Each structure stands twice: as C-alpha cells, then as structure tokens.
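Quick one: this structure, given as structure tokens, is what I'll be asking you about.
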Amino acid sequence: MSLLADAFTVFCVVAGIGFFAAGTAGLLRFPDTGSRLHALTKADHLGLGLIVLGLLPRAEALGGAFRLLAIWGLVLLASAATGPLLARIAQRRDPPA
Amino acid sequence: MTADVYGLLGAVLTGLGLFGMLVRTEPLLRILAFNLLGGGVFLVLGAIARRGAGAGFAADPVPQAIILTGIVVAFAATTIAVALLLRLAARKDDA
Amino acid sequence: MSSLLGVAAFAVLLTLLLGLVRVLRGPQAADRIAAAQLLGTTGIAALLLWGAAVGSATHTDLALTLAVLAPFATIAMVRKEPGE
Amino acid sequence: MIVDLALVGGILALALGVLVARQAFAAVALFIGYGLLLALAWGRLGLMDVALTEAAIGAGLSGVLLLAAARRLSAAPAQEDSPPGRVTRALIGAGCAILTCAVGAAVLLLPDAPPGLAAEVAANQRATALGNPVASVLMAFRGLDTLLESAVLVLAVICTVALAPDQGWAGPPGAPQPQADGPLALLARLLPPLGIVVAAHIFWIGVDAPGGKFQAAAILAAMWLLPWMAGIAPAPPIGTRALRITVAAGPALFIAVGLLGAMLTGAFLAWPSGFEKPLILIVEVALTLSIAAALALLVMGPRT
Amino acid sequence: MTGWSMLPLLAVMLPVLGMVLAPALGARGAERLTLALLPVGFALALGTAAAVQALGVPLVHHLGHWTPPLGLALGADGIGAAMLLTSTVVVAGVAVFARAGFGTSLGMPERRAAFAFWPLLLAIWGGLNLAVTARDLFTLYVALELLTFAAVPIVCLDGRRETLAAALRYLLFALLGSVLYLLGVALIYGAAGTLDIGLLAGRLAATPPVLVAAALMTAGLMAKTALLPLHLWLPPAHAGAPAAGSALLSALVVKGSFVILVRLWAGVLPPSPAAMQALAGCGAAAILLGGVAALAQTRLKLLVAYSTVAQIGYLVLMFPLLAVPGVAEKAWTGGVLQAVSHALAKSGMFLAVGLMTERLGHDRVADLAGASRVAPRPLLAFGLSALTLMGVPPSGGFAAKWLLLSTAIEAGQWWWGLVILTGGLLTGGYAYRVLSAALRAGPAAAAPLPHDSRDTVALGLALLALLLGMLPLASFGLLQIGRVGP
C-alpha cells in the first residue's frame, strides 16, 4: 500500500516538475509575450496541480490535505482572473507590427 | 556554514543598497535601494540568529523577533517615502 | 522518500531560477510580471515539496500565504488606473 | 549547500537588476521577485516566522504599493537630483565596496561560540504560556518593542494622512478606483472570504508555531485592498470616527493592559499570572485588526 | 525603588498613548489632551529628576519583570532625567505657542494641519523621552524611527513643493542613518549576545565585528544628528517647517540621536582615542563651517538653521575629553549643559523668528528694519537666545562652553578651546547682523501692538536658557549619576 502510494507520489511529482520545466522553457524560448503567457498558465495549473496531487497521500491529516487543495485552488483562481487581463495588456502595449 | 553564506549575501546587499541610494537619482529607485539595504541588514541579523541556534530552536528567537519588528518599521518607512514622493510629483503638476 | 522529495524541491527551484532570466530580460512589463507570477507558483511548489521532505507543516503555511498574496502584484499591474 | 548558493545567486542577480533597471516598472517587478526569493532564503535559514512576514510584505503589500507608485510616476515623474559625476560615483562605489568587505569580515569573524539567548528563551518560555518562542519574545520578553512598533504604525498612518492636499483630506484615502469588470471583479468577491479564513488560520497557529498577528494582519489588509482596487468597495473616509478608532484600538489596549500589569504586579507589561494566555490573545486580536487597518491605509496612501 | 522607576516609564508611555489616541479624538480633542498631558509630564520629569538625585543611582525599570539580557530595561540616570525635563519644557512651550496656528476652536471643522500636528508633537515628545530612557540598543532604534516619522511630516506640513522636497531628502537621510545603526546593533548582538546597555558596559572587546559595528552606529547617528559632513539635510528641513515645528526639530529631535551616541561611546563601545578625536574634529568643522554659512545666509530661518549645524558641533567636543581622568566629569557636565541650553535657546529663537516673520511678512535679513517696532519682544527673545548660543555670561551656554573650554585646556587639548572661541565670535557675528538690521528704524508701526501670548513663550524659553547659567555649578551633580568613565 505504502509502496503504491510512494510510486504514485513519485510519478505525479516527476510529471509536475516536467510541466514546470516545460513552462519555464516556453517562457524563455517563445518569441512573443502572448505565447509566453500561454506557456506560463499551463505550467501554473498543471505543474502545481500534479505536485499537490502527488503529495496528497502524504498529508498528515485531513487538515493537511485540505490546505494543499486550498493552495492549488487559490493559485487557479488568481491565475484564471489575471491571465486574460495580462494578455489584454500585452496585446495593447505590443501592437502586431 | 549556511549562516555564513547568507551573512555574506547580507553584506553584499548592504553595499549594493547603499550604492543605489547614493548614486541613483530617481526617488523611487532610491526607495527600492533602501529596501535592498534593509534586506541586507536583516539577512546579517538572520545569519546571527541562525548561528545562535540551540536549545531545540532552529534559530535564536530574539534576533528573529527583532527582524520581524524591523521589517514592519521598514515597510512603514517605505509607505511614507512613497506617499511623500507621489505628493511631490503631483505638486509639480500644479506648479 | 524524503530525500527524493528534497531533490524534487531542488529541481523545481532550478526551474524557478531559470525563470528569473525572463524577469531580468523583460522586455515588456507584462513579461516581467507574468514571469514574477510564475516565480510565485514555482516557489509554492518548491515549498510544498520541501515541506513534505522535512515533514514540516510550516512550509505549507508559508506556501498558503504566498498563494493568497502572490496575485496581488499582478492585480496591481492589470487593473485599470484612475482616469484610464 | 548547492541550494543555498543557487538561491543566493538568484537574489544577487535580482538585486543587481533592481539597481541597474532603466524604468521604475522593471525595477519594481524585479524587486517583487527579490522579495519572493528572500522569503525562500529565510526558510532555508530556519527563520520561518520571518519567512512568513517577508512573503506577506515583500510578495504582497510592497508589490501593490510600489507598482501603483510606478504607474502614477510614469504619468507624472517626480523631480530628480542631478546625477553624481564619474569621480564621485567611483568614490561612492569604493566606499560601498569597503562597507561590504567590512561587514562581510565582521560576519565571518563573529565569535565561534555564538553568544545568544536561545537557551534563556527556552528556559523562560513556559511562563509566557505560548508555544512559539518568537511569539514569547514579541509578546513578553520584548513586549515593549512590539507595543512601540504598533504605535509606529499609527504614526505612519498619521504621516500619510498629513501628506494629503488640504482640499478633501478627510475623504476616502488613496486615489478613487475605477470599477473593474469581468474576472477581476469576480476574484475580488471570491478571494476575500477565503483569505480571511487563511488569516485566521495563520493567526491561530502563531500561538504555538511560526505565524501570528502580523502575518495575519498583512493578509487581512490585502483582503481589504483587493475589493478596493477592483472598485467594488470604496474605502471609508479618513474622517470616519469608526475607522480612526479601529486603527487606535489595538495599541491603546496594549498600553492599557501594560498599565494594568504595572498596577497589579509592579512592572509595566507584566501579564498577571494565570491570565497570560487569554490576555495575550485578546491583545493580539485587537492588534491584528488595528495593524490590518493601518497597513491597508498605508498602502492606499494619502488622498490625492 | 520599583515605584520610583515607574516615573520615567510613564513619561514615555503617556505621550505615546496620547499619540495613539489622537486620531480617534480628532484635532480638537488631541489638542486638549496634549495640553492636559503637559502638567502630568512635567510632574513625571520633575519626579524622576528628584528621585535620581535623592537615590544617587539611576532608576531602572524591568518591563514585565524580565531582566536583561532576555528582557528590556528602561530608566533614567542623570543625563536621562535632565533630558526628560528639557523635552517637557520645550514641548510645553511649543504646544502653548502652536495653539494660535494649529488650534481648533469649538465648531470649527477639523483641518489637516491641526489633525496632524498634535499627534506629531506627542510622538516627538514620547520618542525623545524613549531615546533618553531606553536601555536596549534595539528599543533605541525604534525610538529613532519614532522621532524620524514624527519629524518628517512636520517639515512639510504646509504642503509646498520646496518643503516636500526637503522632507523627502530628510527622510532618506534619516532612514539611511537608522539602517546603518541597526546593522551595527546586529553585529553587537552577534558579538555579545545582548543589547542591554548596562550589561554591555565593559564587556565589548575591540574585535573586528565590534569595531565595524562602532563605525556603522557612529556614522548612522551622525547622519541623524546632522553632524558635519552629514548635515546637508538639516538647513532646508529645519528652515522649511512652520516655526513651532522648527523649534521641535532643532531643539529636540537631533538630541535623541546625540544622547544615544553619548551612551554608546561613554560606556558601551571599547574606548578609542582616535575615533574621539575624529568625532570632535567633525564637531570643530561644524562649528566653523556652520558659523560661516550662517553668516552668509540672507534668509533669517536658514541663518538659524545653520546656527543649529554649528551648535551641534559643540555637543561632540566633549567626546575626546571624557576619557581623561580628572576632567571627564566637568566635560560631561559641559556637554549635557550644551544640549539642554541649546534646546531651550534654539526653540526660543525659532519661535521668535517665526513671530518676526509673521509680523514683517518676510524673513529677509537685509530688510529686517522696523522689527524692533512691530516685534520688540520676539526680538528681545532672539537676542537673549543669541547670548546663550554665543556663550556670553551669565547664560547657560556660557556655563557649557566655559566648562568645555577649560577642560580642553586642562586636558592639554587646547585646539578645541580655539575652536570654541572662534565659534563664539562667528555666532556673535551672525547675531549682530540680525540685531543691527532689526534695530534700524523702519516704517512706523501703524497700530499699537496687540498683546500676544506667544511672545511670552519665546521670551520664556530664551530666559530659561539664560537662567540655567545662574544655577550654582554644584547643582549639576545630578548629571553625574550613572555616568560611566573616569
């Protein structure tokens, strides 16, 4: 059981790191602000989500698991609210030439 | 060892912050430099707190408490400086 | 297991430091702020992994604080200005 | 160790970036990143209380304050002093390098057996009825500093109010905020209830673990600022009696309880034995609310 | 013992409590609260001085029964008691004076300047009382910041562009000073594990961290005290503030960091004759350059502000003399007396200048003719204050400067004596410039002078500075209580 849980944790965390790495790579390599923002939101949502998921079996009590999920929820909420506005600003200040 | 690394970082930030405060001319950047300087001072204090770890504590609680108070006071100072700066900028418009 | 999580925390921290390049280079303000936001999320992930590695609930609380407050810089940036 | 060096490198890069930045905006964005990394550095040092505070202040409130200022200044820049000449700059640079070396050497040459108060705190902590040693220092051993710090915040609020123009100074603080629509308005309605729960959590764990009144107050202040920034909850006028009483209540209660201790036990700020924990908690709750109000007013700034 | 030690603590906490409550009470309430607190504060300061004198040892209060190094101590020794009395007298004078400008009569709407002034006055009072009674180096840092945050908005209460710029410059200077001081405090804690002044005494060896800390703290406090060459912020700030504010800034605010500097070098830091000579050298330069700059000013308020730069120089002349056995006691008395007499004289002088400016409508030194007609009593106050600043007998300034001069010669450091004499001549020069211009007959005064109680305040402060010199020297034994050194 514990072995299975550990394997789950490792799998999720590694996948999460993969998303963070991909997001960062996109942030660095993509040519324009718009696509960079796109890369970033992916990493935000999925990378953190996978890591939270992976750590859930290790949370010491219900409170711990709840806090982990709350963190993910807060990040999702904030990112969902600010992402479009940020994209709008990027477009306005960077007219396609 | 960890303490020394961050203590040295604090020393470098102190120098950088002081340089910025004296050399930059834009008031907002001076205020930022003051915050870098403050961060350096707190890191030096933090390194001292870490060195004093013992009695089951990861760091000496007394300098920790001092840093907390210091951060609050430095933040208050930053807000006053920003308010003053914005008022000055607005005043230039009317003149 | 905890050492594995520690390594994972370090890996996340490394991507965080790579992301710094975008904060430093810009070129647009939106780039910098977006990259700073990613720093926040990455930092939260690193703290969670690190907290799990050392078994400390305080790291999770720190991550929670960051999660609540991290959007504020972005909000201050994207909201309309008086007169805009 | 590699982790620490990587973190130190990142912090240094950001600090240098702040110093050489051409636009105020870029400098502020870099500074926000710097605050975030600094919070991680405090965690590495094992100073979790400080890390929480840095996260609340550096990543949250400072960012809002400075970004708003950078935006306002890009429209109306303040006057600048004349830049120092090349020679002066070289001299200043040399002086700062000397300062860095001197402080660095001083840090390395501190006594090998560090004199500190960790053992003293541990020996006396039981008498304060608090499990968090930093809270014991803040509320009992160095209670006077905490009291004065809360008074400094009231004074800072008075300062910012004093910086308003004569016309309408007693009106709502800060610039009037245009109403936001769409996702931001939604966030401004959804986040505050969650944030208040988080603040209560951080406050409560602060009794026995890292956390506490100041960090909770910073989160509360942010939860007040968010609907204000979104234009859906205008700030009350500075002239409002209730607002002023909120700001003053915490420090005033702290002083009153301190005087009570003086009358009952003969020493100012002595917590009457047996009542330490409830009294400390009552004072901390009042302080949290007052500090939260003060921090929010400070970030809003004077009426423009 | 415990009961008496409560007096200095209350002298700190009452103004702080008043400052906290002031916004809630509103401008009118804050004004009345301040006036009500004045007699209480005076009684507390007087009681502190009497208790210190009677007991012959410093009063020490351990907050919350926690003893240092873990806890904080606060108390009064001789210099602390003297400064408590000084701050109370000056604050009382300024408060009575300021009612005309910042008062709110019944039914009047609350004005911004009035809302801000009273709590700022209380904060300066409480901050200075804290700076002279706290016995922990970090509490002293908080006291310094309290003084700074209260002083900066006073500079720009009128909201003009020049005063705002002066306030911003002052704030940045002051913040730089306090952050350097704090860095020194951090290193002291790392070296000694305590920040209590009493425990640190004699315990700090001259190791590299302590020396770096000493340099940082000294530089920081010099910037806060506006000791040359870190004085550049002072003239525009002190000259820009309203008269009541200038009086507070020049008389009290710079004294807080000065007293901390004295405490550090007389007792806490390892003795360093070279540093003391350098510090006094800065003081000598301040006396000479400040005096010359004051002579060259065309605006009266700037002239008085530069005079403050010069008078601050006298304060630090005592440092090299404190280590010399036999003369240390007299030098100490001279230094403290200089701080007290300058506080009284300079507050009187700034208030007098404010009244003259108000009645003449300008503060150009060249056009002061007629001031003796429209503002005879303020002019008299100016002249009496100038006597103390020059060091003419029988003023308090004479006693201070005479003690410093004679001890310098006794200690074989005659060069400081030369500086004191030259400084006196320079002071005489700029005072003469003002008085001779003001005594010239100007346009005839139109109406008979109305009685203005503010004249009495300015005159009273100047007279107190004068009378200080008539006290017999033996009565200054109080100042020696708690002094560390030979």
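The chains carry the letters A, B, C, D and E, assigned in the order they are written, with residues numbered from 1 in each.
The definition used in the following text is that a contact is a pair of C-beta atoms (placed from the backbone, for glycine too) under 8 Å apart; a residue touches a chain by one contact, two chains touch by 3 or more.
Everything numeric in this text was worked out from a predicted model, so none of it was measured.
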item: Pair of chains joined by the greatest number of C-beta pairs in contact; value: B-D
item: Rounded Å distance between subunit A and subunit B, as computed from the means of their C-alpha atoms; value: 31
item: CA centroid of subunit C to CA centroid of subunit E, Å; value: 48
item: Centre-of-Cα separation between subunit E and subunit B, whole angstrom; value: 28
item: Between subunit D and subunit B, distance of the C-alpha-averaged centres to the nearest whole Å; value: 12
item: Touching two or more other chains - residues of subunit D; value: 48, 61, 72, 79, 103, 107, 110, 114-117, 121, 141-142, 145, 149, 152, 156, 159, 163-165, 184, 187, 191, 194, 198
item: Residues of subunit E engaged with two or more neighbouring chains; value: 70, 138, 142, 145, 149, 152-153, 156, 159, 165, 183, 187, 190, 193
item: For subunit A, residues that touch 2 or more chains besides their own; value: 70, 74, 78, 81-82, 85
item: Which pairs of chains touch, using the document's own definition; value: A-C, A-D, B-D, B-E, C-D, D-E
item: Subunit E - residues contacting subunit B, complex; value: 70, 138, 141-142, 145, 148-149, 152-153, 156, 159-161, 164-165, 167-168, 171-172, 175-176, 179, 182-183, 186-187, 189-190, 193
item: Contact set on subunit A toward subunit C in their complex; value: 6, 9-10, 13-14, 16-17, 20-21, 23-25, 27-28, 33, 36-37, 40, 43-44, 47-48, 51-52, 55, 58, 60, 64, 67-68, 70-71, 74-75, 78-79, 81-82, 85-86, 88-90, 93-94
item: List of subunit C residues in touch with subunit D within their complex; value: 10, 13-14, 16-17, 20, 23-24, 26, 29, 32-33, 35-36, 39-40, 43, 46-47, 50, 57-59, 61-62, 64-66, 68-73, 75-84
item: Parts of subunit D lying in touch with subunit C, wherever the complex brings them together; value: 2-3, 6-7, 9-10, 13-14, 17, 23, 25-26, 29-30, 32-33, 36-37, 39-40, 43, 48, 51-52, 55-56, 59-61, 63-64, 67-68, 71-72, 175-178, 180, 184, 187, 191, 194-195, 198, 201-202, 205, 209-211, 215, 218-219, 222, 225-226, 229-231
item: Touching residues on subunit D, where the partner in the complex is subunit B; value: 1, 4-5, 8, 11-12, 15-16, 18-19, 21, 24, 27-28, 31, 34, 38, 41-42, 44-50, 53-54, 57, 61-62, 65-66, 69-70, 72-73, 76-84, 89, 92-93, 95-97, 99-101, 103-104, 107-108, 110, 114-119, 121-123, 133-134, 136-138, 141-142, 145-146, 149, 152-153, 156, 159-160, 163-165, 214, 295, 298-299, 301-302, 304
